[in-house]
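In the part that follows, the structures are each spelled out as structure tokens.
The same chain A turns up in both complexes below, where it pairs with chain B and then with chain C.
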Partner chain A sequence: MLKNYLKLAWKVLLRRKFFTFISLFGIAFTLVVLTLVTALLDHVVAAYPPETQHARTVGIYFAELRGEHSRRNGLAGYALLDKYARNLPNVERMGVATMASGVFSYVNGQRLKSYLKRTDGTYWQILDFKFLEGGPYSDADVADHRMVAVINDATRQRFFGGQPALGRTIEADGQRFTVVGVVPDVPILRMVPFSDIWVPHTTAKSDSYTREYVGDFMGILLLADPGRIALTRDELWSRLRTVKPDDRAFERLSATPETMFDFLGRMFAAGGRGEGGGYGRRLELVLALAACLFMLLPAVNLINLNTSRIMERASEIGVRKAFGASSSTLVGQFVVENLVLTLSGAALGFLGAALLLQVINGSGLIPYAQLQLNHRIFGWGVVLAVVFGLLSGVYPAWRMSRLHPVLALKGVSR
Partner chain B sequence: MPVLTADDVMTATPGREAPTMIALKGIEKVYRTDRIETVALSGIDLDVREGEFISIMGPSGCGKSTLLNVIGFLDVPSGGTVAIGGEKVASYQDRALARLRNREIGFVFQTFHLVADLSVTDNVEIPLLYRRMPGSERRKLAQAALERVGLGSRMHHFPSQLSGGQQQRVAIARAIVGRPRILLADEPTGNLDSQMGDEIMALLKDLQARDKTTVVMVTHDAHQAEQTERTVRLFDGRMVS
Partner chain C sequence: MIRHVFRLIWNRKRTNFLMMIEIFVSFLVLFAVVGLAVYTADNWRRPLGFSIERLWTITIDMKQTGDDSFTEGQQETVRQLLLALADFREVEKTAGTMGAPYQFGSWNSGYQWHGRRIEFGVAEVTDDFKDVLGLEIVEGRWFNRDDDGQNYDAVVINQDMRQDLFGDGQALGQNIANDRSPDDTEAVREKRVVGVIAAYREDGEFDGERNYVLYRKTMVGTADRRNRPPRNLLVKVAPGTGAAFEERLIKRLQAVAPEWSFEVSTLASMRDTSIRFALIPLAAVGLVAGFLMLMVALGLLGVLWQNVTQRTREMGLRRAKGAAKVDVQRQILGEIAVMTSLALLAGVLVAIQFPLLDIIYFVEPHVYAIGLAISVSAIYLLTLACAWYPSRMATRVEPAEALRYE
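On to the complex of A and B.
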């Protein structure tokens, strides 16, 4: 029976080519946009090298000082991480790193902009960079304030024409560093590992950062057991409750170890507020709602198109009912037909998305972007297409199945 | 020595009537809108016996097709009872009625109602799609039905490639493919010329005679009605004979 339905679905698609084109275009366009967004989100939060221990890694990305009338929040400060986040229960290692910030260098009279990140030595033990040359600097190098740097392949290309860079000097932000390692490029969307140049945080021009609770750093925690994150979180909260900020405008300090997805949820869904957790779940709901709303318009269009075809097929419906098709059987048939249409549109959408991702990767719009259609994104796309097919197919199928067979045989569709 | 079947006993015994297949008692059908009430059928009592060839005649709008639809469980009467094999179907839900139609009833329509996008074979297979049956067996039965109506060589054609008479033969093949006990034909020759009409009538009579299929046919044609065993006449929704 399924083969018969598929055969008929194909014939129905060919019957009204223009309507079919409109339907397929709407579905494909919707899928392209949703796939693109999914690919971008996947690129930001999913596990990609060098974050190979992603499942066990959380971060202290956000901190907030709060007083009766004052509030200051942002990335975590070094003082918060160094004084209160070390040796937390269930944490194997903790590394610290700043956000990558833009710096300028002058090479052969040309001004070059690069992104520079300041880290400790443990950072390199948590992230799994595959070095193209040399290796990372260590905690001892950091403690000794050594002016060393790790650079990425693109920086090697720009500064040294692609020649081996080990032992050579690089100038950035008015400071000179000796290159000790070269790593592959990391996409800019990967907040934790991304940079062009990495240097020890102790090489900063000023040590004022060491006294900041809210600053420019993030703590990267490698958990022994991700299932016991509550233990880690509760201990941090407990320690932070004892903090009396020097600035009397503030009364308490808060921060939470969380996944990158939770952090994004905190930023987008909670406006950056809150000591609590679970913002990832809120973000999931917001994204799911947004996806449904985005699909709603083309789905409604497709419902209209499908419903308008009832008249054409009233006779066929009457015949099928006369010969033994129950209402539920007919609903199944028409839903299958609509799924054929939406999955065909989805296939075109995936093709379009794959091409568009290649264009984005090659355009340099997102530095070092490696957006791709992996099995995870493909799976989500199929789920979206099936949801879309059901959304747009069930109502017309239900309408068609309820046609009285006698009226349907007369060609009456209401 | 040949073994007698029940059929042989019935036909061999003079005066013995065939058992009733479908019994209609006091059938009423009323169509109501906000302002108008139309009585399509009133007080219809009719027994359709096994193996009969019945014609239903009457002027346009007298309720012939409505009566056929009630007999075929396509429409639910407003009053009265319909029984098949002695069992009343009033309490049957949609799924049960669909199953009943699939197993017991074959329909032939005036305008053929073939699905244009499907081949002749796929059209004939439609009733079998709603039975648990492998595709190969469906195909075999469809082929046999087409050969029965003389269209074995047109299996891969599409309806648009056939004449009116051939299309109606395909519709008859579709109606008999599931070996229903009763065939309901609503003006099967209405869209055909007289020659094709005669061919279709011959086919229906053959089905009744050889396969013992009960045939109930709505017709305007008195000449065709004379070829049937019994004629039921309707006027303004009532039986007049």
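On to the complex of A and C.
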């Protein structure tokens, strides 16, 4: 039965090539845009090396100080992580790292801009970097304030012309570091592993960061059992409730261990607070809504085209109805036909998206971008295409199925 | 004639209703994008008020978050930095400011003033700022020593704000302070207008802020919230000064303040970045909208084409009864024009809700009107262009041929 539908669908598509082209163009274009957005989002939140432990990793990213009149939020401060987030239950390891920030170096009268991240030694045990040269620095190195650095491949290229960099020194933000390791480039979209240069956090010019509750650090927690994250979260919350901020404008400090996606949701939600959860769920809803809104115009367009093509097939419908096909059978048939159409459009859209991603990678618009399609994005693409196919196919199919057999057989509108 | 067209549309209401929905949604999409583009273009053409020639900015990172706990030590260090800068023969003038032109992140404020809400962009600058940036005074004077130790804060406002607040009346000497303080705990300090400048749009060409208030930064006295040390030092360098000087500059500053970090940028490069950041999203959105419109155009063409083929007999009958080709074509185009008008009527009704409900208060009415006009004409053009070929096709129907079908 399905085979017959598919055969029919194929014949119909070939019958009026211009119409088929218009439909495919609309579908493919819609899915190119949606696939691009999905691919970008996937590269921000999903597991890519060196985050091989991604499924077990959560972060303490967002922190908030709140008082009656004022509120300050941002990334977590070092003091919050060091004093209150160590030895939480269900946590195997915690690493800390700053957000990568821009620093300048002067090499032979030339200015080079790089990103620098300050971390502890555990950071390197949680993230699975494949070292091209040397290795990471350890917690002991961090405790000793050693001026050592790990750099990425691009930085090695820029500073040392691609020559081995081990043991050579690199100057950044007026400080000199000895290179102990070289790692491959990580795209800027990956907030936790991305940087050009990594150095021990204790090499910071001033130790004022060690007293901050809200600052520019993130805690990276490797959970023993990700299913029991509530245990970790509740303990952190109860510890933070005991904090009395020195600054009298604020009464309480809050932060939550969460996935990157939840964090994005929290940043996105206006007035997102330090405590509480479910922001990821909310973001999912917003994204789904946005996708549907974006599909609205293409869908109306396709509905229009589909309905106006009904009449072309009036006699076919008439014959089938006269021989006893029920409305629901007909609806089923036309929905399947439309799904075939949308899925072929989606396949084209995928090719287009793959090409566009290559262009984006090559343009340098996103530093070190390695955007590609993968099975996850493909899966989402298929889901989106099916939603789109149903959205644009059901109404025309329903209209078709309601044609009166006698009129249809006569070919009312030829 | 019009009534007749309406009846024709009503007779095929289902198909036509769908088409009208499509036109309606297309209009809303197009209007959003065109409105954004017009808003951007309108900002672009307004005067900037300053010149960035040979200007560098040094951004200071004092290694602290938050805005409210500054020390007099920090103020002293900034004064030292400015002195160190003045020592270089490559440096012509220096000034301190909270935010530099074209820098990301802007500072806006708003409160009740004389019973109405006023919104404005804020800049905190030192006395040398005017000369470094080449601001033009149009009324009153710039900050000077006379403002020291007064029982009011001297402020300079821009001409747009002067118009907004005082119209043609007196602006100098007026108080623009908040009607009451946010938490009613302290008396509100007077903010006295001492001068009016032509313009100062801190975020550059795409700055949408109309009103600006400039506060005076002295770097003496207690470093409280009102008198915090500047984050940026602006430097006017001598002609011909290149990037090589930058390294020496940074070394010197680093020696004065070893715990801080500095970032030097030319305002020209910051301007490039700021323009790119404003235009890339606009270009991306424009591209997507363009493709959407192309898709809609092709779709409408297909649907209208199909309609005309279905109505072959009707056209044939009209031709047989003596209607000229032009009449048939006019009928098809008339139908689509009426449908477009109905859809646009609904679209415009929706679109004008935004300014009426004050949702996008920062967009001037004329910008909104221009955006609306462009979108409406573009949609008419689009639908009529799509109907052109099908309407020609309708005229090619041979009456005898068409009637034979019956």
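Going forward, the second predicted complex is superposed on the first by the 407 of 414 C-alpha atoms of A that agree within 3 Å, B and C clash if a C-alpha of one lies under 4 Å from a C-alpha of the other, contacts with A are read in each partner's own complex, and residues count from 1 in each chain.
The rule we apply is simple: a contact is a pair of C-beta atoms (placed from the backbone, for glycine too) under 8 Å apart; a residue touches a chain by one contact, two chains touch by 3 or more.
What you see is a predicted model, and the numbers here were worked out from it, not measured in a lab.
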* Asked: Counting only touches as set out at the top, which of chain B and chain C does A:230 meet: first, second, both, neither?
  -> neither
* Asked: If you stack the two complexes on chain A, which partner ends up touching A:216: first (chain B), second (chain C), both, or neither?
  -> second
* **Comparing the two partners chain B and chain C, which touches a greater set of residues in chain A** => C
* Asked: After lining up the shared chain so the two structures overlap, which partner does A:285 touch, if you call chain B first and chain C second: first, second, both or neither?
  -> neither
* Asked: Is A:355 touching the first partner chain B, the second partner chain C, both, or neither of them?
  -> neither
* Looking at the overlay, what does A:109 touch: chain B (first), chain C (second), both, or neither? -> second
* **Residues of chain A touching chain C in the complex** => 18-19, 22, 25-26, 29, 33, 69, 72, 74, 77, 102-104, 106, 109-111, 173-174, 204-206, 208-209, 212, 214-216, 247, 249, 296-298, 300-305, 307-309, 311-312, 365, 399, 413-414
* Structure fact -> Within their complex, chain C touches chain A through residues 14-15, 18-19, 21-22, 25-26, 29, 63-66, 68-69, 182-183, 243-244, 246-247, 250-251, 254, 258-261, 263-264, 280, 288, 291-292, 295-296, 298-303, 306-307, 310, 312-313, 405
* Structure fact -> Touching chain A in the complex, chain B uses residues 69, 72, 74-75, 94-95, 98-99, 101-103, 105-107, 109, 113, 115, 117-118, 122, 125-127, 129-131, 135, 174, 178
* Tell me, which parts of chain A touch chain B in their complex? -> 1, 3-4, 7-8, 11-12, 15, 315-316, 318-329, 404-406, 409
